[in-house]
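There are structures below to look over.
Two complexes are shown next, each including chain A; its partner changes from chain B in the first to chain C in the second.
And then the complex of A and B:
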């Protein structure tokens, strides 16, 4: 069975006015289908990429997989467990929380500017009650910093003392703190420079091998996706219009929307000849 | 058309002078699109601001000449800003006034720079909107009713309204989706070809550079690392930094999954501690003794690298 299974997943947002105003104005309910009957699955240790423009529902899916918002219909199972199932036991729920972590788009916004790096990384360890002793916590923080290519000396620094790439490393370290199995990467490099992007993507690949992590990788950059994903799903207005391996998607895209995305993506190979 | 000679921009910081731009020289020819690339902090935007005369204390132009159509402009940029040289900024959300309709904003810009009556200006503004692909009926609409791509179209209309001969576009598509990005770049290209306007396109996306520009200048730590025709620079890079940037760029390629991306070791030095010699030598895979001691000038009118000095085109 697949590690992550998303089955007929839908999410509808209610954008209508309050009931009383609707009755006065005689309006219908206004519903927005953000995600519409999406199916996909990821095997353990693999990377699945969701691509699409803004508003296509990528992040909504990510939030449902992370258990932050509830699906309107359909279900998600992680390692066989459904987070939103009414019969789920609390200890399984908390272990699911531990095993799914997120890396966000902007490392400038996702770190508390008043917290030192050590505190940032200790937070998940404390929240999940992973290590009791103060010393053990500190040791674990140092270990995490080394795993993402930072050093023990950085433990007392504030986020503003780091560059964008280093901050994203801190975010990655934080997501690793609870020894997750699935990491949701929501456009992890779109706020970074090319050279730094290469470093972060390589780090993500290394960590995946080392800890056999499963990634749900969200991006709108097809070039980045092609270096990361084993399978790619193309989302358009909440509907998964095409799903394929990178080989097939880049060589023989079937859906018109995929073709449009591919032709729109700027590629360094398409350098125009001298006119 | 635009010539920049030995431009230095200094930043006074706690009594000392830090060089934000160091001895920068390049030209922009009529009707061409010149790309400026580099990592953040390389001085791309600083170059744009210096040309348009928006350098303010604690920054100052301490040396060098900016010559635009045979006139020096670094001292009286006000006469040129907007009318002859205009700028498009990164975020179209921030560069439009949310309290005024786009029509008002267009008419204001037009009447500041061209002697038009009110009616003429409105007429012209509407024709401009049409040109950038916005219906004339939207003339009285407020910016918040537009999508990001549409807003950037309005900003382009604003920038092109006074018929400038140079447009500086500072990451005009970074805030936009890929498909919208392609439309905006296409529009910018088309309008500038029609009007023979030159563009300086600032970006850090090598893909955009490849598909849009005629020539490209690569900046590193406030100095020019390499300049040349885009086709030549991207296919036969002469500077190790350019080469690193190109190799670090992911490509749409199904076979890249199992290979790792090339990464330039280290990070760009802080402006306060740029090393002596070539600013890139600490990250350069093949630096020689000379690189540590003396800063290389632009050699062969192409790249600032000592390796070009004795061995020809070896990279």
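And then the complex of A and C:
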């Protein structure tokens, strides 16, 4: 069985007004199908990318995989376990939380501005009781900083003392702190400079090899996706319209929506042709 | 090495805003005088033995016609030195104001955090209750709570507990602005990704609220606390003026103003004027400082 299995996953948001106002105005319930019967799976150590426009349901899927939003129907299993199964035991839920972590889009909002880097990185270690001793925790934090290309000296700095790319490295270090198996990358590079983007993507790739991580990679940047993913799923209004390997998707896109996305992507080769 | 506060923007701007410096030092002087009232005051106004009824109604800075003593701010009908009485009255006013703000802050911040973070029905219940309470003037709410509490207390405790009851009633009448502001900031903060990442660690709601959100929403709370502090002191004075506050034997500024009011039209103006001026100076300095603080901590005005 696949490491991550997403089966007939749907999420409906209720956007309607309160019941009493609806009755007075005679309106129907307003429901938004953010995610509609999506199926996909990822093997251990692979990267699966979800692409699509804003509002296509990418982030909703990410939040459901992370166990923060409950699916309306369908299910997700990670290593055979389901966050929302009614029979799940607390210790399994906790180990599931430990094995799924997330990296976010904005490196500015994803670090608590009042916490020092050391405290940020210690939090997951403390939350999951990974290391008891103060010294051990500090050692682990230094090790994490080194793994993402930062130095021990940064341990007492505040997030605002770092650049966007460095902050994203701190976020990556935080997500590694609990020794996860699956990392959800929700547009991890879209707020970064192009030159920094490449560094962060390379770091993610290196870490994947080192710790045999599985990535669920969410992006709207097709160039980024093509370098990272083993499989790509294209989302349109909550429906998975096409799924293929990067080569096949870029060479022979089948769905019209995929063709449109590909043609909309700015390409450096075409720039010179503009008179 | 310099302390980091001396190099902060806040301190830099403070030094360059004369109004802020002035109001801060006026407030500081008032507080210091209240704290060291025992040392500064020429005599203790609560010791009946030290009072001389012949000193009654001495105008400020004039020798009394019977005893020849000079009083800085004159005396009241019982011969109490007004300056000393005001210093001791300030103590009570400041203490009641401070404790009431603290109470209002604890209640307001807690309810606001819960309303904003949990949302849904909890949010609706708390905020509608706040809406209802804010339609009544806070002085009425305070009087109502004060009256009910006094009625519930056994008669022999009423006198001793009057300051505690006063603090509770003012505190309960001023929590709404805290709750509203904190709720608003919490709604913004809880969508930020650092909170989501804390939720992914499986932390409990109280842990996330206290450790992550609370430190990031404190600056508006600080501003409201300053302004509410002035309000609470005025509310206390109003209640005491109306005769429902602290007892006459432990006069606060409001009680002194009430006593002074009785003699205003018979020519003894100083008994009313000096306590009233002190109250004005105190409230004004806190408000001006609070205004400056609000402008400083508001990122949109920078």
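Convention: the second predicted complex is superposed on the first by the 273 of 275 C-alpha atoms of A that agree within 3 Å, B and C clash if a C-alpha of one lies under 4 Å from a C-alpha of the other, contacts with A are read in each partner's own complex, and residues count from 1 in each chain.
We take it that a residue touches a chain if its C-beta (ideal position, glycine included) is under 8 Å from a C-beta of that chain, and two chains touch if they have at least 3 such contacts.
Please read all numbers here as calculations on a predicted model, not as lab measurements.
Per the definitions stated earlier, placing chain B and chain C onto a shared chain A by superposition produces no clash, and the two fit side by side. Using the contact criterion defined above for the overlaid structures, shared-chain residue A:196 touches chain B, although it does not reach chain C. Legend: residue contacts after superposition of the two complexes on their common chain; A:205 is shown touching chain B, with no touch to chain C. Applying the stated contact rule after C-alpha superposition, one finds that A:216 touches neither chain B nor chain C. Using CA centres, the angle subtended at chain A by chain B and chain C is 80 degrees, rounded to a multiple of 10. Within the superposed three-chain model, A:261 lies in touch with chain B and out of touch with chain C [touch as defined at top].
Shared-chain residue A:226: touches chain B; no touch with chain C.
For chain A, the partner that touches more of its residues is B, with chain B and chain C as the two candidates.
Using the contact criterion defined above for the overlaid structures, shared-chain residue A:114 touches chain C, although it does not reach chain B. Once you line the two complexes up on chain A, you'll see the smallest CA to CA distance from chain B to chain C is 12 Å.
Here chain C touches chain A in the complex through residues 192-194, 196-203, 212, 215-216, going by the rule given at the top.
Those residues of chain A whose C-beta lies close enough to touch chain B in the complex are 53-54, 163-165, 193-199, 201-202, 205, 220-224, 226-230, 245-247, 249-251, 260-275. Taken together, the chain A residues at the contact with chain C in this complex read 66-68, 93-94, 97, 100-102, 104-106, 109-114, 123-124, 127-128, 171, 174-175, 178. Within the complex formed with chain A, the chain B residues making contact are 39-40, 177-182, 185, 204-212, 214, 229-231, 234-235, 244-246, 248-254, 256-257, 259-264, 267.
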